[in-house]
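Next come two complexes built around chain A: one with chain B, the other with chain C.
So, the complex of A and B:
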């Protein structure tokens, strides 16, 4: 194993250990178990045909929890290091600042994706018990794209953690995430309907903003629509990786210039 | 070759001149005490030696290389002024993480960590989270992490702070033992009595400028004065000179 790999592994382990030793993750896990698992056996008002609504509710919760964990982990990657000054002994080790940044990112991503896998397992159990279908292809695709979404929000949260306070970063990233998931698809129509100054702002958001709506396959899963094409899946995954790389590149530039 | 070399190094933070044309050299196997009052520029100098930021002017080298290069830090052990470590880890996990950062293979890091944990007297507290440690215990943990990768140069920022008398003696012995192994120790301190006991040379800094540098026995002259008196005299004289 190379020195660089060992360093990345050590930094990633640090982020994962921190996340799993903080009690808030356990709370999210417990919440997801308490809410998702009973849905599998729940027949609202005695109706057994309400599966789609319950599936939709289950997936909505999975998305909500993943945003909480993804942003919750990434926005706290650096501010506690700066506040508690643990960054000093860390940077005094023979490790490049870029490695510190990427290692911490990998740790946050590993922690978020492992939590997401747990949520999808619970959801799989939900639809398996209710519909007898244990792992439809569309659900596997939904998981892959959801992981791609985490690749992006983790990078975005990390970038913000270098230039903002934790609360400001969390608010801004939370708004951007929910805003793009809700309105991202309608942006082209909104741009057409706007007069000049507003149109420019929306166009800037359209071109620069993260298109999280590409990663949301909830409707396809809930309504049993056919899986998406592999080319589309690959294209969206490449988009996630490129967007995250741009955020990490910018974060690396900021971190290299940061004075401690 | 000098292990640490500073030639006319200056650093300012806005209008505040933290380090002013500082020139200093530390030879191999030497214990150098870096003394001064609060705000004298000791920690700023140490941060520059560790490559945390660059000097505004002047030249500096550590172990013959640029301190900004990560490779240089492979041979430096650093202990911060106050112990800043991850409260959710225990000492074994902390040393394992730092071992990984130093590029050590896990088995070597584990063996070295156990040796150092025993050396600093933290065996019984080895499985406790660092957040339950006292200040003195955290200082011991700091010593262990600084020595983990067997560095040639140790940079210690106020290492005696928070240590009880027994730990001070043990730490003093440890520094002398490291010197016998050919290691170089560069430490900042307010503890003049400790500095006097273990240092080969001392450098006294005031408002970022070097006001005295020399071997302890030379500085003390005929042995009539201790370091505390010299420290007071030097800083007092300089102040008197600077005043209108």
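So, the complex of A and C:
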């Protein structure tokens, strides 16, 4: 194993340990159980057998908590190091700045994806026990695309953590994420409906903004739609990797020029 | 000494708060925003319950279309006229035989790569829930009725889904009767109850009473604002005339026809009633 790989591995392991040390996952699971368990026994108008509402709420919680964890981990990668000045001993070691940046990114991504895997496992258990369907193909696709979403959001959070304060970064990334998930699909219609200055802004958002809604397969999972084509899956994954690479490239450029 | 003073202050403050809590509703009951006896949801949400109820109803409509949002469908779950117009013809699937599975033309044909991807990631086809799947609508409809007991549309839609799509007419009738208790002025709910009793439970006597109540409560406003109520009145008179005709009470049936003609003599429902009475 090369020195660079070992350095990357060590940096990434630190971020993963940080997530599990803070016990965020336990809180999230307890909260989900408190919300979902009473709903699992709900019989509207005395009729049992409805399950999509529970699947939808379960997946909504998975998305919500994955955003919280993904952003929470990535926006805190550098600011605490700058504030406590622990970045100096790190940079004093024979490790390139690009390696530090990429290692921390990999750590944040690994932490977020491992948490996501736990969420999907819990969701799979939920639908398996209730409906007897254990791992439909569409759920596997949903997990892959959701991981792609985390590839993008952690890169975006990391870039933000180098150019603004933690709270500003969290707010902006949170707004961008929720905004895109809510309105991303309707952006073309909104662009058509806007007069000139607003239209240009929306067009810029449409072309440059992160289209997180591409990764949201909740509708297909909940309502039993057929899986998406493999070409489409590959296209969306390539989009996520390219977008994350652009963010990381920009972050690398900022980090190289940053004066501490 | 000081400790005793604190205890005294806390106790007197608590007594004062309780006394105020009892006095204010007694002295100015009309000025309070809450209605005595309303539940916690009503107290917390106030008029926002109507918006919440509408959102839940919208969600049920989305479920009816397989999770596809903002779909242009004239047979949407909330279209009450459509419920009646298609009564007994299987609302769920037949109307859209030609449309089912039809992709939305606009996103698929777009040259914008983002729109193209979106159209393939998110299902766009037009479909309706069928058979056992119809029970998936119930949680949202239940929530809509619970959030907003004054939401007539939610009550009517829920009754329709329960009786026609889930074969639970007794529960649907119970829901409508609860709704009527909470909305005693609603002619529309009485009409829905009459329809359910007549078409599904085949209880003509109770149905006639419900239609008579609907007729009594229905007071259309003048001008375009009263258009929906006038239509409801004509349809109520149709059923009253039809049921009177079935009983052999010809004068009562003709009186209904005259009343319906006074509202709108050329309406197709009035013509239908005329045809029914002229059939013998």
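Here, the second predicted complex is superposed on the first by the 238 of 260 C-alpha atoms of A that agree within 3 Å, B and C clash if a C-alpha of one lies under 4 Å from a C-alpha of the other, contacts with A are read in each partner's own complex, and residues count from 1 in each chain.
Here is the rule we go by: a contact is a pair of C-beta atoms (placed from the backbone, for glycine too) under 8 Å apart; a residue touches a chain by one contact, two chains touch by 3 or more.
If you're wondering where the values come from, they're calculated on a predicted model, not measured in any experiment.
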Chain B versus chain C as contact partner of A:185, first or second or both or neither: second
First, second, both or neither for A:95, with chain B first and chain C second: first
First, second, both or neither for A:223, with chain B first and chain C second: second
Touched partner set for A:235, first chain B, second chain C, both or neither: second
Partner chain in contact with A:7 - chain B first, chain C second, else both or neither: first
Contacts of A:213 with chain B and chain C, given as first, second, both or neither: second
Chain B versus chain C as contact partner of A:18, first or second or both or neither: first
Common interface positions of chain A, toward chain B and toward chain C: none
Chain A-facing residues of chain B, complex: 47, 50-53, 70-74, 76, 78-80, 82, 84-89, 93, 96-105, 142, 145, 149, 155
Partner chain C, residues of chain A touching it in the complex: 42, 44-47, 49-53, 145, 184-185, 188, 206-207, 211, 213-217, 219-220, 222-223, 225, 228-229, 232, 235-236, 239
Touch list for chain A against partner chain B, complex: 1, 3, 6-7, 9-11, 13-14, 17-18, 21-22, 84-96, 259-260
List of chain C residues in touch with chain A within their complex: 63, 66-68, 110, 112, 114-115, 117-118, 120-123, 132, 135-136, 138-143, 158, 162, 166, 168, 171, 175
